[in-house]
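What follows is one structure encoded as structure tokens, with my remarks underneath.
Chains here go by letter, A, B, C, D and E, matching the order in which they are written, and residues are numbered from 1 within each.
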Amino acid sequence: MAGSIRACASARCPPRNKEPDMTITTPDPRQGSASVFTAKSRARAFFQKYPILILLSIFWIVLMLAVAGLGHLVAPRDFMAMNLSERLSEPVGMGGTWAYPLGTDELGRDVVSRLIASIRISLTIAFLATLVSATIGVALGFLAAFLRGRAEQTILMVIDAQAAMPFMIIALAVLAFLGNSLTLFTILLGFYGWERIARIARGLAIAAQDQGYAAAVRDLGASPSRIYGLHILPNIASTLLVSMTLNFPEVILLESGLSFLGLGVQPPETSLGAMVGYGRDYIQSAPWIMLAPAAVIVVTTLCVSLLGDWLRDLFDPTLR
Amino acid sequence: MTTPLMQLRGLTVDFDTGPRFVRALHGIDMEIRRGETLGVVGESGCGKSITWLAALGLLGGARVSGQVLFDGDDLLGMGPRALSKVRGGRVALIFQDPASALNPVQRVGRQIGEALALHRGLRGDAARTEARRLLDRVGMSNAAQRLNEYPHELSGGMNQRVMIAMALAGEPDLLIADEPTTALDATIQAQILDLLGNLQRETGMALALISHDLGVIADMADRVAVMYAGRVIEEAPAADLFATPGHPYTRGLLAALPDLDGPRARLAAIPGSVPAPNGLPPGCAFARRCAHVDGVCETAPPTLRVLPDAPARHVACARMDALWCGQNSVAAAPQTRERANA
Amino acid sequence: DDRPEITVAVQDIVTSGALDVMRERSNVGARVFFSIFESLIDFERQELDLPQKPMLATEWRQVDDLTVELTLREGVVFHNGDTLDADDVVFTFSPERFGMLPEQMAAQEDGKQLFTSNVSGVQGKVPPPEVAAIYKRSWPLLERVEKVDDMTVRFVTTQPDPTLIGRISRYGSEIYSQQGYAAAESWLAHAQKPIGTGPYKVVRFEDDTILELEAHDEYWGGTPPIKKLTFLVVPEVASRVNGLLSGEYDFITDVPPDQIDLIEREAGFHVVGGPITNHRLMVFDKNNGAMQDPLVRRAITHAIPREAIVDALWGGRTRVPAGLQWEYYGDMFIDGWEVPEYNPELAKDLLAEAGYDGEPIQMRVLNNYYTNQVSTAQISAESLRQIGLNIDFQMKENWQQITDPSDGKRAIRDWSNSAPFPDPVASIVNQHCQNGGQQQTGEWTNEEFNENCLILERSMDQDARKAAFARMLEIIEREDPGYTVLHQNAIFYGKRQDIEWEWSGLQSMDFRTENFRIKGMQ
Amino acid sequence: MSDVLLSARALARHYPVRLPGGLLGRPATLKAVDGVDFDLARGEVLGLVGESGCGKSTTAKLVLGHVPPSSGEVRFDGAPVPTDRRADWRRLRRRMQMIYQDPLGALDRRLPIVAQIGEPFDIHCPDMPRPERRERAAALMASVGLRPDQAGSYPHELSGGQRQRVVIARALALDPELLVCDEPVSALDVSIQAQVLNLMSDLRDRTGFAALFISHDLKVVRQMADRVVVMYLGRIVEEGLPDQVFHAPLHPYTQALVSAAPTPHRRARNRIVLPGDPPNPVDVPSGCPFHPRCPAAVARCRSEVPSLVRDAGRAVACHLAQSAGGDLSPAPRALKAKVA
Amino acid sequence: MLLYTLSRLARALVTVVLIVTLAFIILRMTGDPSIIILGPDAPEQAYEAFRRNWGLDQPLIVQYFKYFGAIAEGDLGRSMRDGRPALDVVMDRVPMTLALTLPALVFNLILGLGAGVFAALNRNTWIDRAIMTVSVVGFTVPSFVMGLVLAMVFAVQLKWLPSGGSGSWAHAILPVISMGMIGAAVIARFTRSAMLEVLGQPYIRTASAKGLSWGAVVLRHALPNAAIPVLTIIGFMVGSLVAGAVVIESIFSWPGLGRLLVGAVANRDLAVVQTILILIGFTMVFANLMVDLAYGWVDPRLRIRTLSTAK
């Protein structure tokens, strides 16, 4: 059993000041000098922490953000400019020329330029809508957590009602009956998913103020605005961020679903969903009109979702 | 002397923490003889639990190496089927926080029955009768009715009894109890410890009792292993250990404990805190908190060695020779000395 | 019975949910109604200039300025087995059928309730009140229809009506069976399974889904060539095309011009179709902002590349017509009249002359209510921008939003006009005169134009009428533009190549023996 | 003790709950705290011990005005403690503070510790200039033994003991007169526990705060408290000086508790193992609440609720401990008692 | 439990009232459907007659109360299109939609649960990553793109299945698959995390320590516990299936509720639209209620609502 050792030289005591003698064996090589050792190559460790898919996702999202922010500067043409004589020309690779790398649509407009404009609009809408829904959700969630009692019950009921109605259906009715403008559309989509965020915000706030740091700060005599603004909000921000990354792709998909029904972003503006929606009639005759934006939707939502999952795992120590 | 029932040899455990591996156990050597009670103490996170989980192959997702000899067979090399025969059959485990260690959606009768079916081949009425007998045996009132209840309907103490009954189902040679009473109240804790003691006496099984509470260990154990930062740093018969602790850490621990009796004095706290598993110093892990530290302590971790004069005692301290003999000549009990200093 | 079963995939069967020619106002209804109902006078529908021809009436004559007399065809059998006689015709044009009897009106008033209107309900044969309104509009001057004898009827008007015969032949004047109507439980029940004289009778009708017809073997015009004729609603173009190509459908309707190539690329399928009696217009509101100046509106009329639109979007399969008129007007057709030429330079000059200052001009568009509507509008908008107009392009969800005047910004909108019978009254008068939609919504009016309307509508003097019509076109299309014609609408059908079948400019689908044959059969 | 800082009189807190029983779950009352009287002098430390669920934390909440009492009252410095969490309540936080069991949970993990230690100044002394606040926070850190270089650390970067120091520093920032400590060292390892306990004693010597010190660990309470109260099922069953209570417990429950307290310095002891399950505060037995588990219970215990009898600084609520003469003597360790 | 059920019912009722009000507000904000139903060419008198007939000329507040009164009596009005009772119109379509959504739900569950469990058991391996990636893709492809592509491949190219319409079970296959994919992806992701959560619980270790084989542990202890949280999203699934039906039914010309809704919205058939809204609301509330109650049924911990010895 125990690394049997030469015992204390004899039964007698060594002088007190004597340096510890050589009874100390050299450290077992198996044990290493410290508890941490990098048995992995740096690259492997790096990719394990940041899987290649995640890096690609981040790259794609950054690319999309760049396109959204600066795309109009590099767009080859005005996305509304028509050239009726060049309508439905093929993209490069399907017989087309570099004049229109991704081909043209039914009005002879450059698909690349339209794609860039669409990314701008779609991402802006999705971003703003997500922001709106987070704001509403957090505000109501906090309100419920703060007020408790009847007010909380009321808010919970509204949350229930919202959750009970598939949002698509509500959006469909609202848009069809109220007409459409980009602002209305964005605000409407901003109502998507707020109830989820409200639930999370309420749950976390209640947990924090029942046993956690919020209770402690309250016991210091802090005012509610300090508790919620300075303490709870920053603390739940990461969780909210993750649930916003869930919301984001859903908003893009919702937008495309509504565009399919002709209720999304309206011409002359364009969006990814609108491009797919209007392009679907050409799915066989000129598939590139629809496939390019559809691919962007799929890849972008995919990347945001993957990133969201990854962040959630990262933020959630229980999953480690 | 017969071979020990269970022997851990150089057991190491590495966890994959993403960018690197972190070694949580640095070669544990320990043994349990038949019928004996081995107490394992140490601060939270020092590796008490994972030692036994690793030994029984219950530690998914970690690299385990070393040897775990149970009755001569190496458990680490065993196939899953053979291993599950040992688990629950010859070696049983009970855990801290019994309420969450039981499946919340199954009635306790069924959970006990499962163990009976696995290791004793009992089913149906036979299993039921046996389950009831086991519950009776662990001192559960109203056993027949309890079988139909869910864990959340029982109190913590009763759940721990259920766990024990389940562990007894396989008639094990060794019971590993991982902090079985930490979550329980003092009076209930007394009941459970009492029960474990009685069972051990009746069945003659060996008991590995893990706890961070020196009081509990002092109460129950025949032999004690003290762990610190993934290593066993002292191992001794319980009586000797509490009378004359060897390792500076053990001494400090005993001195830092307030007492119910005696004069009330300032506590002799060990300064500093346990190093994080991913930040152990190259030498003795306790060096930074140790009053007797010396250059030699910082070069390499010391290994367990037999103490002079006391062949049953092992301590892992580079300066043990000096300390041990010094202590023997200067003061009888470290705690009194340190208290006097305060 | 080895006659084939034929499935037609359509965008929609009817928009009103009822198989009643007086309720259904849309173009799509005409497509199926011609298989179920027939009117007294009809057209050679498959011919381009649509000459009139006898249908349920074998002959007709103008008895005096107020009266037309028609002789009915012998041996016409309704779907319920009854034989057509004068009583059926009289009934078809009776107040009862239109819900104008006092008791019906009272019932309408009673039934009026929020969303629970019982009017069209099962109790009582009370058509919804719109039917009467539409009737009044279609037959503004009809006083009565009287039975002369079993096989002769007379249409009598309150004033001379130069368009009377045209109106008798128009969509909406199909003959119903008196007994058939009487036997139905309610107006609604009849509108779900109506009794007409057409070659096919209704077996099953589910609004929005399916209309199943089966051969009416006692049909007076010979045994129908199809055993079972199904109209299936398939709203998605791509799905219709898919279904045609995969062989599930024999015909598909409303093929967008861009899909034609795709279908014709496949062996065994082709596309037929062309211009119909419906023109696409761009309509102006002369009350708001820059649009008050006729010069601006004229500039617009000159700025639209109509030919380019026809070529690009319609593959040249339709055309730019000679203003709001059709060749089938016959004598009333104004030869030499044309739409304003495409001349951006002129347009710019006009704008300069008008002193246009860049004020935004709203253009309201509905989402592809008409084929290629959005594309056409986008091209137009782009062209208008080219001449310097600041176009505020607005997509709208529905007609109400399109015509909503409340924000004071209504300027340009989309529309289409049909000519249900061969006379300018059918189009320009009905849509643009005092009682027409454009003036009713307050978009446009013009005194001289309105005076000429009366002549065109009431005078029995063909020359005076023609002059009035010519002048009206000048005013509304050139001098003080109220609209401008974009192009003639066209409709395309995909079908199996082995079926010989001709399309009609009247948007009906004719499945009578003369017009349907499968190659290699019989 | 003369100068009473805090006094509780007939303090009770009841919660309405629903009994188990599926569809028929009857409503019932959970008496978390049921008639508790005690006084706390300035500068005194009162230890509160008892098993889980006996109402220790609830008492603490009542004292702090976190929950309103169902009956009875708490007076702080002569005035009733507000419970409405309005301005009054918030102002009172300067004078009474709390220390929690789980220091990590009580700290905001997104703020550096120095900011958290200084937070009481931000809240209560908005007029204090920024540099002064910083200075005071630094001084506080030093006083609890945190190094200045740790100021910018986040809670998760500290060890458990250090975190508890942060919590203590924050609680002491405004020099409160009363500190309520609910199991302040239960979450800490033995070696760290001693550090924190020592720190608290030192600080107390320095600032002289009074404290309500809650723990289920008798050894810790003995180390810290001037006086000890033992609770069982929402009531006080025994009270006295620590050494009296722990060396000569009067109440059978205290006797069992003391005997069961694990301590390595006292091996081979006589452990009294009480039968039965921990008490259920919804269903308080008639008579003496402890009688079903009491090894010495007699008939009277089943029917008659013993009152808390005080005598010379000690108090006990047990029929058997109150001899006829009125003196208090330990309840007999009954014959039934199972001694291990 | 009874009280719990009652309070859930009460909340459900309030939810329904909220939904009904919402439907009213949305539909009445721009009140006038006459021009859409009668078309742009109808004479002005026809519009007026129509408005009068349907009571649209009354003040909104009067409409609201009448509307509530009528609904309370179970009268959901008549379709403005053809005058049939709106409830009949809607109910005619319900079986068709159920014929899609129920198989899609089953498809969802089987595929999603299977994939999720499998991924969780192989956590952090390529299997896990592959399943999760595929499931995210499944979730991110717009359903109409999926539908059109499936139709092109299986109907037009391979001619195995009909491209649209209804009438036989073969017609339902493609729509069910297109609808089910999204749900399956969501369930797979959810199941995976529920499963991982459960696998980390101490009772799983207890079960292994008992000597159960890993397979038995997963089957008997992990799965039943992981299934509990998955239950909650079934309610949500029903909603997303109904929403998905709107698009899928259009693509595949399936005469169900979704297409009816699209048509009714386009035609502004107020009564039908609001009947559908209310029906969907009811269904969802009911589904969630059932899920909640089922939750209480499968999880014994929730059967008892007591705070007593909670610790």
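Descriptive notes on the structure:
Assume contacts are C-beta pairs under 8 Å (C-beta built on N, C-alpha and C of every residue); 3 or more make two chains touch, one makes a residue touch a chain.
Just so it is clear, the model here is predicted, and its values are computed rather than measured.
Taking the definition of touch as given, a chain qualifies here only if it contacts chain A and chain C alike; those chains are E.
The chain pair sharing the most C-beta contacts is C-E. Centres computed as Cα averages put chain A at a distance of 46 Å from chain D.
In this assembly, the C-alpha centroid of chain D lies 52 Å from the C-alpha centroid of chain E. One finds 88 Å separating the Cα centroids of chain C and chain D. The residues of chain C that reach two or more other chains are 236, 238, 398, 401, listed in rising order. Shared interface positions of chain E, defined as residues touching 2 or more other chains, are 30, 148, 152, 156, 250, 262, 268, 304, 309, 311. In chain A, 176-179, 280, 283-284 are the positions where the chain touches two or more neighbouring chains simultaneously.
On chain D, the positions that touch chain A within their shared complex are 64, 66, 85, 89-94, 97-98, 100, 102, 105-111, 119-120, 123-124, 167, 170.
Contact residues on chain E toward chain A in their complex (touch as defined above): 11-12, 14-15, 18-19, 22-23, 26-27, 29-30, 129, 132-133, 136-137, 139-145, 148-149, 152, 156, 189, 193, 196-197, 200, 236, 239-240, 242-243, 246-247, 250, 261-262, 265-266, 268, 273, 276-277, 280-281, 284-285, 288. Contacts from chain C toward chain A in the complex involve residues 236-238, 241, 256, 258-259, 261-262, 305, 308, 311-313, 365, 367-368, 374-375, 377-379, 381-382, 393-398, 401.
Contacts from chain E toward chain B in the complex involve residues 201-203, 205-214, 220-221, 224-225, 228, 298-301, 304, 309, 311. Listing the residues of chain E that touch chain C in their complex gives 30, 32-33, 35-50, 52-55, 58, 63, 66-67, 70, 75-84, 86, 89, 92, 148, 151-152, 155-156, 159, 162-165, 250-253, 255, 259-260, 262-263, 267-268, 270-271.
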